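Structures follow.
Presented sequentially are two complexes of subunit A, the first with subunit B as partner and the second with subunit C.
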Partner chain A sequence: MASLAGRGPRAKIRPPRRGLANNDIDFNDTWGVLEKAFLEIHTKNASALSFEELYRNAYKIVLKKKGDELYKRVADFEERWLAENVHKRVVNLLTPPLMMLDSTSGRSLTTTAEKKDSGEKFLRELRGAWEDHQVCMSMLTDVLMYMDRVYCQDSRQPSIFAKSMGLFRDQILRKPARTEMPILLDILTRIILDQIRMDRDGETIQTHLIKANISMLEGLYDSDQEVEDEKLYLTAFETEFLATSADFYRTEGERMLRESDAGTYCTHAKRRIDEEGDRCRSTLSESTAPKIQRVVEDELIRHKMKGLIEMDSGVEYMVDNDKLQELGFVFDLEARVDVKKTELTRAIQKIVMEMGANITNAAVAASATSAAPGTTEEQAEDKAKTGAAKVNQVTVAALKWSEDILALKDRFDNIWRQAFQSDQMLQIALNRSMADTINSFSRSSEYISLFIDDNMKKGIRNKTDAEVDSTLEKAIILLRYLQDKDLFETYYKKHLCKRLLLNKSQSISVEKQMISKMKIELGNSFTLKLEAMFKDMTLSEELTNGYKSYVNKLGDADRTRVDLGINVLTSMTWPLEAFRGGATADEDQGNLQIIFPASIDRVKTGFTRFYNEKHSGRKLTWQTNMGDADIKATFAKAGKDGKPRTHDINCSTYAMLILLLFNDLPAGASLAFEEIQAATNIPPSDLARNLQSLAVAPKTRFLVKEPMSREINPGDRFSYNENFKSQFVKIKVGVVSAGNKVEGDRERKETEKKNNDSRGYVIEACVVRIMKQRKVLAHTALLNETITQLSAQFKPDVNMIKKKIESLIEREYLERVDEAAVPSYRYLA
Partner chain B sequence: MATLSQFVTLVSSDDFSFIVLRSAACLSGVIRRMLDPACIIFSHASLLYSVLTLTDGFVEARTNTCHFENISGMVLEKVCEYMYYNEKHRDGKDVPDMDIPPELCLELLMASDYLDSACPSLLHMALLTAA
Partner chain C sequence: MSTPGALSAVAEKFKSLFESSQATDFTIVCDTTSWKVHSFVLNLYSDVLACACDGDFKEAAARSIDLGVDGETSVGALVHYMYYFDYATDDECHEPCTLHVNMVLLADKYDIPHLLELANEKLVDLLGNEAIAVTADLIAAAKLAYDAEGPTSIFREALVNATIKSSTLKPEEYDTIIRALPALAQDVAIAMPKSHLKAKEETKGLQYCRNCGTQVPLQNNDAFLAALSSTKNKEKRAIFPEYIRCRGCGHEFVSGTGSNLPTFLNGPGGLAMEMNRGF
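And now, the complex of A and B:
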């Protein structure tokens, strides 16, 4: 250490004292030492060896530039060792049962237990061989570290460890077990697959043995380059495994479809998938998990989904029997393989459509049976009158239809929430098929409106606000699906009109609530006219009160004066034709001047004057066919013991007019049908109907008809019924056809025609609006634009749009653009 | 082999013994592998257990003593010094250079090559001094 002190700027660098390896060494001697040591290592006797000595020897050889020689010797040594010792040991365990694996015919000769046992032995031995090899080689590698570091890197050889692993692969796995036999690797694969098969069949297997062998395959590479995706596991085993699994699950799936029901199938498939995942973790390689999962999904789900859904116990059965849990399973399975859940969606849609069609058919059938001979209004009326249940059966069918559709929707909503995890795709599908169902039924708009009507009249009685709200919400749900909203509007207006004028509605506030709901759902323009109707009603009330005080102020104390309640209706907003019965089309009643008796006429003119004072320039048209009247009538023998009794009679204006005629008539005299008509100028059809309720209906028979028959015919004579008796003080004369019910065929045709006409205007307006904005537009673009803009109201018919465009061209709102490449139109300002 | 002792003995060719911390000595890849069978690097953890039972390792692992037939005491002393130097400044920054006598640097170079010190700075420093 003296030199440390004398260190100066030019200190002498001491040459290596005695070159670490400059004394000549004999390669063979050194190798001999190493080889002996290696043998010791392989026979597990390493503890007596000095690492340093071996390392130093190898170090020396490498320093002597004999690295290549050493490398080769080591490789040779390993090769010999593997071929002579290890291979023999492993092959010895290939017992007959294992060799049978390749020939399927031999399978029956060996029992599963034997096969399993010998398979495990083989696997254990192979694992042992592999582990020994690894341990020995890692020790060898440590000793030969210097060679790896210097020689292998310089001459670009794989490290001795990698090399020896390759040797193991070539000498053990790639060598035929015996002559004329498949290589060990194939046998190994087959054995493992066989074991897995046993596992799938429910037997317990030694997973760790397989796992160890799989690890071996994962640690080995297809070539000496050690490319990551060329592991033996991937190239030799995994593909085999996936193929066998696919086979297995294909047959199993087919068998299951044949033999068990859909619910079991789903649980089984789910279990299989989980099992395979577990198997990959415990027995095979994690990296296989997604692949095998795919295989199982393919075989058990994707290819079988259709079959599964269409099974006898498939989705339809589940829906029918509310098997929510199983539906959930089906959904889970399908969701695994298909984000869109195509098959399930299709099946569910089909079911919804079918059930919807059933409901519709039932409704059609119900209405057909009730009005079989012909659905004219008159006949329906007859039935309504005779039947104890006054409601028209067709109307009942309509209500039932709505209820059923709602029930259907509820049911599938429930399924969707509980089984389908509120999946969006399915929701869309459900909505679409619901809409299809509703829209495929041509009378749905009318039926829905009737449904609301019915609820307004009776349904909401004795119900809490919340219940009423949910009822309304239901109606809105139906409405949401409806395409022809304009048609619905027509019907709704009509029904609302009757409800309002005849005071049939249970609660005006609920009506208004409904309107506001529609407003939210369908927009402002939709409810505009409906709201106007309400406004008219309020105004009318004020007007009536105003008139009353006006009359009182006049100081006219005439007791006999008739009170007047009035509804002034804006003519455009109210579908007044709703009140003219089925016969309306033939006669124009509006122009007929009804002849009023003096007492009534005075009131009428009085009010007209009053109204004109308030609003000048407005024309009042009296809708006499819609009014009703309260009359006090005294009948000579109505009371007990034949004493006179006074009844309050509520009847239509027409009936009042008719009854008033008999006021002045001497006892015993009679009036002919024609006479009555001449005296009142009531249109014959209305007259006939009113007379029917006055002279034929048993409870309100104020008149006696001659001859006594059910039908009112021209020439019939009527006289005052002196013998009228009734136990009630208040008597209501049935107002024929006052309730809202399903339209007759002719009526519907008319409604549709009217609707079509109004659609025509809407389309024209829309086209003009678009063209005004765009000036020039291609034909198809115009069509599309129109359809989109109108879709909120109804689904326009393309032909109709074309016709309207034609008509607009004729009227010179538009012109064709001649020079355009595609047919186009220009707006003419 | 139940517990690994904390110190190991390094013996030079001229019979100088250096008792060093195991963790410091393991800076050298060669010493590490000599002493520590558990250090044998395996790709598969599942095998480690069987490895430990299968082998006792080499003599060095049993005795916790390493003989270096081709390293002199003087050089080995420097090597040990470096081992502790490295241990001390393992995570430090702006570490002062270790003092290496120029006359030893060639031998140190060879020794460090032989011992495969995981940290290349001994080689590096020896080279610097040599230049």
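And now, the complex of A and C:
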């Protein structure tokens, strides 16, 4: 048991240590002991060896300053061992199938199974050799610990372990397998690559064997300096691996593009990338994962994206067939390699533009085909009907266009959300192409306004608030893309005007909702005039009521007196020309004074007086062409058994005036077209239209026309239709062309011209505003600034801006700066 | 954060585990004696002994190592050190020098740096600052040290200095040791001129200020000492006659030693400490 040195007095002086008693240890004897033991270790017979003895022997040698000699001997020993034993064993397993690898790999005569088998054998042997070497060397290191600590550190030698690892590299891996053959390391690399190729082809391989060999390469360095970046794995294997993989995937990608469809390609590419990542973890080195994935991405995605997208079964096909999942794959793939998703963006934009162009072309075609019969001469007699039908058809085309564009947007929004992960880049691209699509169609402003018009009149009937709201939102979406907002404003005002005056709107509150939405989207100034229109309507209602009570207060409760409902419209805000509809340009309606019968004239003057009392200094212009009237008419034979019957007739003011003429006419008498015209002073075109309703339309034929025909011609005579019959008490006289329809070409030209005129003023105002602030500005800067400032309203034409600048110079608002390097202008205060 | 209590508790536990042989799993054999030890403890101290416990050699299988070659006394001291953090002190030991040198060698052989330090300290303490007293033990220890060379350099250096000192003070002792140890004689011969030069300058009364490097004559200190109070002056002069103030920078120091005056002036305690270190 425990007995401690130095405890208590000792009887005798102990002999000095035996170990160093003999000064002259014999190096060769000692080394002989060690060498024998090392041999035992290498032949796996170490269990009988005494560590103490071996360590002591090595210690003694080093203590006696023979460390370098020992070091050399050990290194020699290892070198010999590796060269004579291990190398031979490993090389013996290089069977013919393996040696075929270097000749064109695909066409060897040996089967894959053979190759795989012998490859595995080789890998196993090499792994064994490596593992043995490591175990032995760690035992040697234990024994030679004193040498490592004292000799190697003092003389700056690599530790014996590191040295022996270098020896393994030089003696095994860097030695030619046999004479005239590549070095073992190259063969190893090739075998591993071959095994990986088999793995990629779906064969099961022994991943742990490869992994073991890879960790060997990772444990070895290119030189004895053991630089971290120069592991054999990196210098000898990885580069080769990446290059081979690049080749492999290049070929595979090309083949896949040829042979399979895009969806399969995407799934495959994704699987390959994941596979390579997994392979790095299970078979190779984790550190290679990002590199090989990048190679696969390069070969399968980056270089193939364009081809993939343009395949027959590419993105276009996917969009056409709503293959959202596959679009998602394509997106994922491209997102891996390109944050901007350039190729996909380009493809999607192209598709959107194409589909948009198709919709536009369809709309143009729809209006064109329907217009064609209207112009052919054979059908001249059907002109009125086909004309109306044509207008209708164009309107339908306009509505269809809007719906289709919205559907297109919905469709791509859906794709964007579900397949493109709501990616911002693609959203921008989609928006841009939608805007391009809408703006490339010159009639989009009108069509969008018509779309709103149609919804206001019919679309929102029987709809919940939420549905109405979504409809309005759609309109706003379209509006958002629209560039020529001023043109849209013109159309919208016109359409709104008709809706309001003719009471066509389903709900005023929805109209107001729409206005407030536009206000949010387009700003205050845009909706100012639109709001004024609503204000006029409210004021007019108050006026009418005020006038009624005013009349009642007068006391003379004349029951035959005509009731008056009136809309007082501010002339600047209301596009009254909208009602001129069919009127020809040379007819100047403003100067025409309609002749009213006494009963009506009394009301008119009465209201004028009332209005002037309220607001002095305002001029009322009576727009009789826009009014309508409710009249009670008694027809002698309208009843069931020929008895007189009274109908409530709703007709235009003009129609009322015409009908009133016949009140005073004796039975059987008739009036010529010209006579009616003279008696009322109604413009001929309006008169003709109204007479058409009254004398031609079957349901409201209050008058008889002579001769009977569809068209109203000068010289036609009209008389009271005593035989009028109708089963309805209330009869509405249709007003021809009162609804909002697509403009004819002539109208359109007019609108455009007007629009261009107003744009001219806006541009001038803008230029002056800019110049007033800047005083002196270069030409291009002025152009840019103007375009930027006006872009919220419309996209100004550069030529127009130039002309306006020219005209401003003429009018001495601006002058050219002569001495300036670039063309510039100065503002003249 | 550490709890000082924990450390001493562990130290206590080490001792009790050793004394009770509880949970021991390894044996160190040396001639007729054996010690039951913990391989875990061997691992703590020495990578070499750890290899014996855990390697693939026969010791690991037998759970025992024969350190007979290192000598029973030394191995006993080593085991004691591993469990008690110290080994036999001078008065418990008949041949302290040999033991310490042996411990230095063991510590080096088995790679136990702290033991190496401890043994060296003990050796240097033993030699002291005075001229050496040559014993059979010292000569045996010196022989051992010169045999091993490398690891014993500190001891050998101290031995050379002590020998040189005794050359004038104790010529007979000097003679004995020089004759007994030819290797030491060589070292002394090499070191002598340097030492001689130093001594010569000191006899000339020249000192170099450790602060600014100015050469300061020894007699200069009289004026400085006169400035001190008479009792203290006497006291200090009695304890340490060579005590200097630099003319250049006013730095005060004790001639020939590493101590500066400010510590010296701290009081008798400080003085004693300085004296102890100045071997």
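By our rule, the second predicted complex is superposed on the first by the 782 of 829 C-alpha atoms of A that agree within 3 Å, B and C clash if a C-alpha of one lies under 4 Å from a C-alpha of the other, contacts with A are read in each partner's own complex, and residues count from 1 in each chain.
Everything that follows uses one rule, which is that contacts are C-beta pairs under 8 Å (C-beta built on N, C-alpha and C of every residue); 3 or more make two chains touch, one makes a residue touch a chain.
None of the values given here were measured: they were computed from a predicted structure.
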item	value
Partner chain(s) touched by A:P666 [first = subunit B, second = subunit C, both, neither]	neither
Partner chain in contact with A:S215 - subunit B first, subunit C second, else both or neither	first
Which of subunit B and subunit C A:S50 touches, first, second, both or neither	both
First, second, both or neither for A:E131, with subunit B first and subunit C second	first
Which of subunit B and subunit C A:G202 touches, first, second, both or neither	neither
Which of subunit B and subunit C A:G715 touches, first, second, both or neither	neither
First (subunit B), second (subunit C), both or neither touched by A:P707	neither
First (subunit B), second (subunit C), both or neither touched by A:P698	neither
Which of subunit B and subunit C A:M139 touches, first, second, both or neither	both
Common interface residues of subunit A - those touching subunit B in one complex and subunit C in the other	1, 3-4, 7, 13-17, 20, 46-52, 54-56, 59, 135, 139, 142, 145-146, 149
Residues of subunit A that touch subunit B when the two form their complex	1, 3-4, 7, 11-17, 20-21, 44, 46-56, 59, 131-132, 134-135, 138-139, 142, 145-146, 149, 211-212, 215, 219
For the subunit C and subunit A complex, residues of the former touching the latter	18-19, 21, 33-36, 47-48, 51-52, 55-61, 65-77, 79-80, 87-89, 92-95, 98-99, 102, 105, 109, 111, 136, 140, 143-144, 147-150
Subunit A residues within the subunit C interface of the complex	1-10, 13-20, 23, 46-52, 54-56, 59, 63, 65, 135, 139, 142, 145-146, 149-150
Interfacial residue positions of subunit B with respect to subunit A in the complex	29-30, 33-34, 40-44, 46-47, 50-51, 54-62, 66-70, 72, 74, 101-107, 110, 114, 116, 130
